[in-house]
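The structures come next, written out as structure tokens.
Look at the two complexes coming up: chain A is in both, with chain B in one and chain C in the other.
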Partner chain A sequence: MSVAELKKRHVAAMETVDALRERVKQKRQLLLDTDVKSYAKSQGTTPISFGSTDLVCCRTLLGHTGKVYSLDWTPERNRIVSVALDGRLIVWNALTSQKTHAIKLNCPWMRACAFAPNGQSVACGGLDSACSIFNLTSQVDKDGNIPIARVLTGHKGYVFSCQYVPDQETRLITGSGDHTCVLWDVTTGQRISVFGGELPSGHTADVLSVSINSSNSNMFVSGSCDATARLWDTRKASRAVQTFHGHGGDVNSVKFFPDGQRFGTGSDDGTCRLFDMRTGHQLQVYTRQHDANDNDVPIVTSIAFSISGRLFFAGYSNGDCYVWDTLVAEVVLNLGTLQNSHEGRISCLGLAADGSALCTGSWDKNLKIWAFGGHRKVI
Partner chain B sequence: MFLYYFVYWQEGEKPDQIISSKLNVGGKLQPDASNGNTQVFINGREITKLELRVLKLANVQCPRGTHFWVYDDGSYEEEGQNIIRGKIWEKASTRLICSLFSLPTPPENTPGLREDASAPSSRLIPEYLEQKRVQKLLLLGLEGSGSSTIFKQAKFLYGSKFSAEEMQSMKLMIQSNLYKYLSILLEGREQFEDEALEEKRNRGLYADESHPSEESEVKEDCSCIYSINQRLKHFSDWLLEIVAMGDLDAFFPAATREYAPVVEEIWRDPAIQETYKRRNELHSLPNVAGYFLDKAIEVSSNEYEPTEKDILYAEGVTDCHGLVFLEFSLDDQSMISDPPTGRFDCPSSQTKYQLIRVDSKGLNEGCRWLEMFEDIRAVIFCVSLSDYDQMWPRDSGDLCNKMILSKALFENIVNHPSFQDTPFVLLLNKYDTFEEKIDKIPLTVCEWFSDFSPVKPHHTNQSLASHAYYFIAVKFKDLYASLCDRKLFVFQMKALERSTIDDAFKYIREVLKWDDMKDDNVFAVLDESFYTTDATYSNYLRQDL
Partner chain C sequence: MSMTSSSGSTAGRVEAGEAARSDKQQQTTPPPPPPLPLPQARTGGFLGRHRLSAAITRLDQEILSLQEEINELETMDPSSAACQEVLLSMEGKPEPLLPVGPEDVSWDRWFQRVRSSRGHKWWTHKGSDFS
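For the complex of A and B:
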């Protein structure tokens, strides 16, 4: 078959795919008879009462001299790792605010950091198109720096997100500007699987965020500049399990819901959405009240669920940090209006493993820890 | 700590009186106490433009980002440096100017103890000291514009040698690129073969019309100048398939040595040479392909060590498209902007630069990481002059004129919110290739230049190339002026010639100096020719240094 003929057949095939997609979309709209909010209201659910004393800023972590881009908690013990534009990877003791490690990085333009499940290593990645691993227990060198334990190279684009696989010390997933996600073996530095790329069903733009299902670590979801989120099975890299459309802009953040059956997303279009893994339906859209004066809708930079999932936290580019009631789709608190709140964009946030505290990182160079106060311990 | 310099002023206004920095009043001076926006700090306070002007008139070196510490008697030093630079109000003229602008001056005789300059414990050493005075430069441009060549040249000129890892990375890049070039040629060959056979078939049909026969089948002659033998076709199919699947890096450069003889054989095959002749139609084949394919055997061996020329010709700097950066220092003195002061004993100061080169691959419209560079001092945008007749695939896959794509990228970067106040330097590269081409291929093949109508050459003593160069420069300058209210700096170069790189960086140094001065010095109006330079300007530079 000649090249010209092949091209013709390709165009025809793409048209068929597009037509089928449109039919799927329409069928889905027919089936979607309600959303979470409407259903909850019909059952008489009322918004959770959440006052300004229920979540207070109890620590401000000072030390970074550049915008904070990413943070991660340890699965146990209360430690946080953060990375900022000052080229430093800092490990904090969340209870005492002390820094236990301040690692100077070769490349200061970092976008992602993660704690290993055993809390002994940290990973970070960014515009060097690689993911560097540091062993916190290793000896410092003569300059007082921790040497790099391993560098994971192979991405053909910048690394925007990384996360260790929860129950496996040696595996890590990255999301990159080369449109792929990669599952790495940290001990050998080899790529185990590549998700996307030239293969069909992969993302068609930069991957900004990944989230691994803690109930089933074979599944993970990725969010991308192509305005979709995709669900992957690590055992089958050849194609995505499902693609979730709906957002009107880059998907900056994805997070699995605590029960692992659905996941949330945050996007440049200013909304957060809840998607169901099994049916593929968009269950709910969380839209801010539009400020009449403001033409620019603040974008959602990061999200996290509370331990039960009843609440979720969304950080915005204007410094707001909304606490949403997931069921009723209403904002119950804005941490951005509280005392001691951040003075700049919230770039990242995360919940401690036991759900008792939220950490937010901001372009104001600080991190803040918010704890549940009053009679309420954890939701 | 309790360090005040000026007190008794209305917050947000210029200072009223000088008080000792040792007074324990009130606490640390707020940086925004005077609403200054000069990025020059005195005792922690960002000073106003008026004060900055006075400092400059007093011959104080104060580029953006400088933090000074001033003592009671007017002596000053850079924070944390413990070296007194001089006294700000030493000269009578400075004191006079201060009084003209209603700025305070210290009293003539300061009684009491002089603060011990060698007691660092009484002052905070601020954290920005690490990044003090490093002028960051962002270097970028489309693939093939020369940005990676410029980076590598700068490294050879000013930086340390390439490390073993960097050399290894470049070697692997060169080796795997060999297969990339080959796959482009092989795909082109297939396409040309299909077209040639199709044409042959058509001619055969017409020929048969005059001799109609019962046999409807035309005997197919399956060979043409683009045909290769069965064995090579096998390899070609395999290579093209792994490229299509995105698996090229799974095989290469690992299998480079094994397949080297095949590469050589294919490259020398007449069919491929015929294909290579039509390389103008093979849009993704870079100019350097032939250079490396000619030395395929050498490049593929295990012992291969890239020569300096190989390094400069190779596409990219690292094999993973990550950004690269380089720190170096240049002397500040130059005859152009600093008039002779008669002070030959003062040491020439140096400024540290950090050159950051980013790959163009990630630079699309919704770029997610460019904001990490909002603190850079200048954007150095590279364009290859010889791209005016080249085609290049857009993100969507369809082809577009490469110069138009450069223009679009330029617009995206200029409009990016992080670079609102950043000076841009446009490097128009590959002038030599451009010079050779311009007489044969008119500039008007690029629609952006469709209004180019040069005056007949014998009326002027400017060459057509020179004329065309200025036309392109003006096009970019007009575009830039329409996007923001600043002027674009343009420099002509041939990145493969190291001297032009050195000239380019000296030019950039001058641009930064002027950018520092322009806010205060009304008389710092540059000669129009400074904005657009060519080889003659760089000659001028070289004579005086």
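For the complex of A and C:
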């Protein structure tokens, strides 16, 4: 076929794709008969209300001397790993505020860190385009450093996100500026699968965030600068299971909802959204109110769900940390205005494994722990 | 702002001054150059025959997948079904961060007496920040 004929076919195919996308959009719109807020209201859901001293900052973890970029809790409840622009990876006992490890990294520009399921290893990745693994039980040298146990190399772009597969010590998923996610075997350093890249259903821009479904660890979702989230099945890397449209900007953070059937997203467009994994429906948009005069809408940097899913935490670039009532879609508290709140952008946040505390990390160089300090009406 | 660790005792692995690195130093040390930009998959203008064929193949695959999606949408549940599931998923689930519901005493460990590794007693009040 001549180049001219191929060009014609190319144009025709693009037009068909655009027309089909429009049909999909219209059909989806017809299926959106309600959202979570309207449905909850129709069921008489009582909105949550907090007293002013109910959620309090009960620890400030001091030690980083640069912006904190990422944090992760252990499954066994009380320890946290964090990375910051000071080039340090710190492991904290959040209960005592003590540091158990403070590792000086070769590359100070880390953007992601994660605890292994058994709590004995940590992973971190960033602008070195690799993911480094440290075994915390290793001998520490006189400077307090641990040798790198393994480096996962192969990404052709920065590593923005990493998470261990929950029930598998030896597997890790990364999201990268090369537009792909990768499933790694940590013991061999080999790539098991690559999600996206040259494949047609992959992201078309940097992948900023990944979240693995703890109810079904074969499934994970990724968020990208292409303004979409995509659902993947690790057993079938050849194509994304579903692509979720709706955001008007980079999707900076994705997190599975506790029931494993939905997931949340946070974006540069200033909104958070709740999507249904199976149908692809957008179930709710969480939009902050802002002044009509204010052109700068703070971006959502990070999100997390409380253990029941009823609370939805969102960190913003202006230091706000909204606590949303997931069902009523209203903000019930702003941790950014409480006593002892952060003095800068919230860059990361996460819940302890038993849901009893939230940890926030900030460009003010600190991490803070928040817990319920009010009176509980026990049923 | 203090750069030292928050409690008086540490495990001895970290010294207060060791982790300090000035902001000024961070500002003068440039980040690594970004990796080379990835080749554009779809561009306007002239593409070689091979790249055109590859682009058409990708588009054909996308057409198939969109047609599959349209078929699925014919029999798909509306969003109300999923909204109902969201509500139901929360029923009876304990929630440590809410003022109402069943309680687990371990949730209050953030406000209890804590013993550090050197035996230095240290405890917190509910509603206070100890940093």
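In the analysis below, the second predicted complex is superposed on the first by the 360 of 379 C-alpha atoms of A that agree within 3 Å, B and C clash if a C-alpha of one lies under 4 Å from a C-alpha of the other, contacts with A are read in each partner's own complex, and residues count from 1 in each chain.
Just so it is clear, contacts are C-beta pairs under 8 Å (C-beta built on N, C-alpha and C of every residue); 3 or more make two chains touch, one makes a residue touch a chain.
From a predicted model like this one, the values you see are computed outputs, not experimental measurements.
Peer 1: Answer with first, second, both or neither: which of chain B and chain C does A:D141 touch in the superposed model?
Peer 2: neither
Peer 1: Considering only the touch criterion stated at the top, classify A:H281 as touching first (chain B), second (chain C), both, or neither.
Peer 2: The answer is second: A:H281 touches chain C but not chain B.
Peer 1: First (chain B), second (chain C), both or neither: which does A:D296 touch?
Peer 2: neither
Peer 1: Once the shared chain is lined up, is A:P258 touching chain B (first), chain C (second), both, or neither of them?
Peer 2: second
Peer 1: Determine, for the superposed model, which of the two partners chain B and chain C contacts more residues of chain A.
Peer 2: C
Peer 1: Once the structures are superposed on A, label A:L127 by its partner contacts, choosing first (chain B), second (chain C), both or neither.
Peer 2: Both chain B and chain C are touched by A:L127.
Peer 1: Answer with first, second, both or neither: which of chain B and chain C does A:R111 touch in the superposed model?
Peer 2: A:R111 contacts chain B only, not chain C.
Peer 1: Applying the touch criterion given at the start, work out whether A:R59 contacts chain B, chain C, both or neither, answering first, second, both or neither.
Peer 2: second
Peer 1: Check whether A:F372 is in contact with chain B, with chain C, with both or with neither, and answer first, second, both or neither.
Peer 2: In the superposition, A:F372 contacts chain C only.
Peer 1: Identify the residues of chain A that lie in both the chain B contact region and the chain C contact region.
Peer 2: Correct list for chain A: 3, 65, 85, 107, 109, 127-129, 156-158, 177-178.
Peer 1: Using the touch definition from the top, list the residues of chain C that touch chain A in their complex.
Peer 2: Touch residues, chain C against chain A: 1-7, 9-11, 13-14, 18-23, 26, 29, 31-32, 34-35, 38, 41, 47-49, 52-53, 55-56, 58-63, 65-67, 69-70, 73, 76-80, 82-87, 89-90, 93-104, 106-107, 109-111, 114, 116-117, 122, 124, 126-131.
Peer 1: Would you mind writing out the residues of chain B in touch with chain A in their complex?
Peer 2: 127-128, 190-191, 194, 198, 244-247, 249, 318, 320-323, 325, 358, 361-362, 366, 368-369, 372
Peer 1: If you look only at chain A, which of its residues touch chain C in the complex?
Peer 2: For this pair, the touching residues of chain A are 1, 3, 6-7, 9-10, 13-14, 16-17, 20-21, 23-24, 27-28, 31-36, 38-40, 43, 45, 48, 50-51, 53-66, 85-88, 95-102, 107-109, 127-129, 140, 143-144, 156-158, 177-179, 200-201, 204, 239, 257-259, 261-262, 274, 276, 278-279, 281-283, 306-311, 326-327, 339-340, 354-358, 365, 369, 371-379.
Peer 1: Going by the contact rule at the top, pick out the chain A residues touching chain B in the complex.
Peer 2: 2-4, 65, 85, 107, 109, 111, 127-130, 153-158, 160, 177-178, 197-199, 206, 208, 225, 250
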